[in-house]
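In what comes next, chain A is part of two complexes: it sits with chain B in the first one and with chain C in the second one.
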Partner chain A sequence: MAIIYELAAQGMQMILVLAVAPFILGVTRRFKARLLRRIGPPLLQPYRDIWKLMHKEAVMAHGASWLYRSTPYLLFASTWVAAALIPTYSTGLLFSWSADLIAIVALLATGRFALALAGMDVGTAFGGIGSSREMLIASLAEPAMLLVVLTVSLVAGTTQLSAIAEHMIHGSVGLRVSLGLVLFAFVFVAIAENARIPIDNPATHLELTMVHEAMVLEYSGRHLAMIEAAAALKLTLYFSLLVCLFFPFGIATGDKSIVAFAIGLGFYLSKITLLAVLLPIGETAVAKMRVFRYPIFLGGAFATAALAVFLLFVSQGF
Partner chain B sequence: MPIRVGLACVAAYLVAAVLAAAVGGRRVAPVLIYGAMTAVSAVGLGSALFALVTGDLKTQLALPLGLPLSGGSVRIDALSAFFLLVVNLGGVAASVYGLGYGRHERSPLRVLPYIPAYLAGMNLVLMADDAFTFLVAWEFMSLASWALVLADHRREENARAAYIYIVMASAGTLCLLLTFGLLAGPDGGYAFAAMRETVEPPLIAGLVFLLALAGAGSKAGLAPLHIWLPLAHPAAPSHVSALMSGVMTKVAIYGFIRIVFDLVNAPASWMSLIVVALGGITAVLGVLYALLQQDIKRLLAYSTVENVGIVFVGLGLALAFRAHDMSVPAALALTAALLHVLNHSFFKSLLFFGAGAVVHASGERDMERLGGLIHRMPHTAVVFLIGCAAISALPPLNGFVSEWMTFQAILVGPQLPHWGLKLIVPAVGALLALATAFAAACFVKLFGMIFLGRARTPAARTAHDADGFSLAAMYGLAALCFLSGIVPGILIDVLAPVAQTLVGARVPEQSGVAWLSVVPIAASRSSYNGLVIFSFLICSGVLTAMVIHRYATRATRRSAFWDCGYPDPSLATQYSGSSFVMPIRRVFGTALFDIRETVDMPPPGARRPARFSLKIFDPAWRFAYGPATRAVWTIAGKLNRLQFLTIRRYLTLVFAALIVLLIVVAAWR
Partner chain C sequence: MTSLQFDIAHLLAGGMLVLSLLLLYQDRILATLNVFALQAIVLSLAVAWQAYVQGAMHLMVTAVIALVVKGFVIPGALNRIVYRLGIHREIEQVIGAGPTMLTGLGLIALSILLVMPVKVGVTALAREDLAFALAVILLGLLMMITRRNAVTQIVGFMSLENGLILAATGAKGMPLVVEISVAFSILIAFSVFGIFVFRIRERFDTVDLGALDRFRRERSTLQ
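Then we have the complex of A and B:
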């Protein structure tokens, strides 16, 4: 019985992230529109978009290969699996040990690798430019992300997400300078990875500076639906990660009853909705950057995270 | 038992080499020789695996050859058994590949005799138990591979590559010769057993370490001694390139481990500091060079430099932990390094085989002149993609597992008491992350340029897939990449005796862990399960595809590509490899490589075409090799006068030399 209950809890989390992701995207879009004095789309619009795209015929270029057709599913699967392995309402779920923080970051890299290849498959200028810039951003963001991982795991003594969340709640962590610094770095990395302003603009087409949208320009129909769903999942994933690493209060630890799960769920949903509101506030305050200013933005994240690591090496008390 | 089988394998390889020299010109020769090599290396592989798993080791055997006083001897312990496994696995793969690929060789006599000799040399290096046998085998290996680099000697660049290779190889061997001389001491104890027992004073130990690092590091491709590697490895036929990159660099790493972990008795913190820092720098520099290449095989060779860097980071960490008596983390770091050695031999051989198939099919080594081969060479495309994903450290494949374990070892770094190491280790962690991200970019470019997009030249349009033997070798290696990615626990357990003998501890037993997870330190600290991740990926991906195809739509229409409404059918509008890496080149390479871009744009109305040129300066050439070469030239020019002296002056010189030597001997006593 116990194993079935645990399996159900893990399955719940898988379905939860999938179900919530378009809603979170809807909240950011709606709130951003309100900030710009527009009415904005309804909160459920992303669900309708994905539904609509799924039922449309997929138009593919003549030269598109099997790689092009299978990438959307691989991207979706890798993002979904990564998102489902991050503790949301409870720590220590059945499969939480199968990937630690480093493996989750690497799973996202798998999806990115496939998508960058798919961008080059048809042989268009836009696809190539998107792939090229995506890899540039990745090579700037990954070292910063690894230093964030290093700092968090130095504080918690582990790279297991469940154990980190439990340590942040129960351990005497308190307010730390290093954690504050890496929170800053993490937000920068998350903005870059999710193709948000000021790195990329998710709402445009036909801009010479676009990155992610250029890469997926040729996609349509059900394939595009998968890519849009994966993008929504990735945003939710980074929100969950931020919540799990830095603000895990309210999450169910140890107590595996339905009530504890429900409380954890309530906390989780309100926290990520809050983040979905905060993101557009930041986005409307700044302008999109030129491509060759990315190193300054992400280099800042890297420097901040490096400072945190060195502070920790000086003394574990920071 | 394994030692006799090993010696028999060496003898059989040598016989095959002689046979190849005798019948090399005949039509049946490639089939005969590669068939024999497959059988011999399969036997070698089996015996190495048997030795490693059953622990039937430590058997020593005296050779009837060797130095007059000490003689020669051979021995297999856990370390050499593991490396024998790597070498013979590479041998099997290359021989099977050669059964198909080698038939197209234009001058088989220039290739066939040397490959078995080369494998014999590498096998003997790993079994040698005294300095003499080791060095003879090492030189044998170097010379055989030098001959293979010169196989296509009419191309001028190959001749130059072979020249640089032989110079660097001789310098490396000289370093090793001095290493063993210092280790043997004044009494001349050239057997490894005698060297193990003597405890060197710190100064001698330091010198030995530096010389071994230079000697073995130059063979492995450690920066800044890597310069010959990207020239020599691509010059050989592709299956030999695979052996050189996938296997010979590993033999060099074996030499380093044997000397520094086994023969030297006093590890110090500063040694590990140098190894860790050099490893990190090599990893990033190697992959940055790789990113800038257009030649497929040269890109792969530079990527070997990167992976050697990753291995040396692991080895350096193991040295650091061992120096501070932290044997469990040392075992973790060493296991990570050795696992990466094995993994790299899988995917680098695979990628070189794939490159060989592409070069043979299209006649092009320049990736800017390929494209769209995924349609023409579907099988090669699949295995090449697996290799690219594995080397980019993507889960659930094998490259990720060893890099993940290296990161786990880095995360133990703060517990080191040494301040220099405390600061260097996280910095190297960041360098390693940078190298991983660059590697992904590099292999997206490689695969994208060769296999994706539209064919850029007629050669690419008419390419055909590789033959059955080549494909069998590639599929086999791809399967190994995959298996060692999803069930790495088995390999980690196989490596346990190696770590046990060298650092006195082992990574926790993996076979008892539930669900075949990998738990390098403790379950509460970190764990990874490739099998679960893989099944999750497949289930969710396939399930989603099925649901959408069943309940939404599976309608598909083909049309011209869209490209935002401005489709241009010209092939030149595709992204090229150099434009793909332009952002990374600008951001990271400008200062490091002193890159000069010049655009020559004709004025409006002029008829001549615009030109773009790119100059990349290698800092190693500019600051180390350039001055060194010039110095050698100057000294040689000055010494040239000695050729034109009179007989009296020559006699005076001889007499003066004698006096000086006598004084030196007198002072020595």
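Then we have the complex of A and C:
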């Protein structure tokens, strides 16, 4: 009986991230539109978009290989698994032992690799430029992300997300300048990875600025639906990761009753909705960057994360 | 010393280091001045915290001097100089922000590696302060090397001096007289700098110190 309950709790987390992801995207879009004094789409519009795309014909380019056809599913699957592993409303679920920070980074990298290949598969110029820029961003963002992982796991003594969240709540973390720096670097990386302003503009189809959209330009129908769902999931994933690593208060630890889960769920949903409101505020305040400025932006994130590691070494000793 | 006291000292000294790195990163002159003022304010907070922790009230004087002189007077005066020279919109060509930052990180690592092995007769707090102060000094030097504008070079020098004060407060028993005379010498150095900047500008119509190099080369070829 207990194992069924545990399985149900884990399954609910998997369903939860999938169900809530388009809503979070809807909140950001709606709020951004309101900031620009437009009315904006309804909050549930991303669900409808995905539903509509699911029922459209999938047009394939001539000469598209199996890679092109399978990439959307691979991308969706890897992103979903990564998102489902992050503790949302409770720590210590059935599969929490596999929720390793480095594994999550690797899962995301797998999806990105497949998408970059698919962007080049059809042989259009746009796909190629999108893939090349995506790889540029990835090669700059991933070292910064790994340094973030290093710092957090040095503070908590483990790379397991569930244990990190518990340590942040119960352990004696104290006042750590490193964690503040790492939070800063993490936000930079998250902005770059999710193709938000100032790195990329998710709403545009203007060729000069496209990165993510350029890669998926050829996709249609159910393939595009998968990619859109994966993008929404990725945003939710980064929000969950931010909440889990830096603001895990309210999450259910140890106590596995329905009430604790419900409280954890309430905290989680309100926290990611708040982040979904904060993101468009930040986006509206800055302008899109030139492509050649990306290394400086992400290099800043890298330097901050590296500094965090140094400071941590100083305060903890070698 | 409790761990919270240590953490706050760590936070403030680490904050100074972050701001030093940020100084390297800035390419707009006015932004550089703002970051420099912020660094001086964080410095004064760090010194005040040391005064509280060590129970050395004369350090409070140092903190107040740092706050008033370096947090407000010097940045304000530099601001005026920048406006009078008409270079407040100028964007400085830093020698590649990326390489500079990497060099800066290397310098920080170097100073930490240098100071951390010292274990005899020093508290953890003093050792850590010394490591950070050394890093701030080296970053100030790096800034003076990489910048070509006279005003930002002055800022580099002043931030170097911030590192010196941080080092001095971490070590116990710096006499107040020394402190005050250092503060005054900084002010004098600053006014000398100010005069120099205007002289350079009068002579070469720019505050880009590359002009001096070119001038010197012409002279040496003549001889």
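Descriptive notes on the structure:
Here is the rule we use: the second predicted complex is superposed on the first by the 315 of 318 C-alpha atoms of A that agree within 3 Å, B and C clash if a C-alpha of one lies under 4 Å from a C-alpha of the other, contacts with A are read in each partner's own complex, and residues count from 1 in each chain.
Quick note on the criterion: contacts are C-beta pairs under 8 Å (C-beta built on N, C-alpha and C of every residue); 3 or more make two chains touch, one makes a residue touch a chain.
Nothing here was measured: the structure is a model prediction, and the numbers come from that model.
In the superposed pair of complexes, A:G174 makes contact with chain C only, with no contact to chain B. In the superposed model, A:I296 makes contact with chain C only, not with chain B. When the two structures are aligned on the shared chain, A:T284 is found in touch with neither chain B nor chain C. Applying the stated contact rule after C-alpha superposition, one finds that A:T273 touches neither chain B nor chain C. Counting residues of chain A touched by each partner, chain B versus chain C, the larger count belongs to B.
In the superposed model, A:Q10 makes contact with neither chain B nor chain C. Legend: residue contacts after superposition of the two complexes on their common chain; A:S315 is shown touching chain C, with no touch to chain B.
Shared-chain residue A:A306: touches chain B and chain C both.
Across the two superposed structures, the residue set of chain A contacted by chain B and also by chain C is 295, 306, 310, 313. Contact residues on chain A toward chain B in their complex (touch as defined above): 54-67, 73-74, 76-78, 80-81, 84, 95, 97-100, 102-103, 106-107, 109-110, 112-113, 116-117, 120-129, 131-133, 135-136, 138-143, 145-147, 150, 153-154, 157-160, 163, 205-206, 217-218, 221-222, 225-226, 291-292, 294-295, 302, 306, 309-310, 312-313. Residue ranges of chain C in contact with chain A, taken from their complex: 3-4, 6-8, 10-11, 14-15, 17-18, 21, 25, 97-98, 101-102, 104-105, 108-109, 112, 116, 128, 131-132. Note for the complex: chain B touches chain A at residues 371-372, 374-375, 385, 389, 392-395, 400, 404, 407-408, 410-411, 414, 422-423, 426, 429-434, 436-438, 440-441, 443-445, 447-448, 452-454, 515, 517, 523-529, 532-533, 536-538, 540-542, 544-545, 548, 552-564, 567-568, 571, 573-575, 579-584, 586-588.
On the chain A side of its complex with chain C, the touching residues are 172, 174-178, 181, 295-296, 299-300, 303-304, 306-307, 310-311, 313-315, 317-318.
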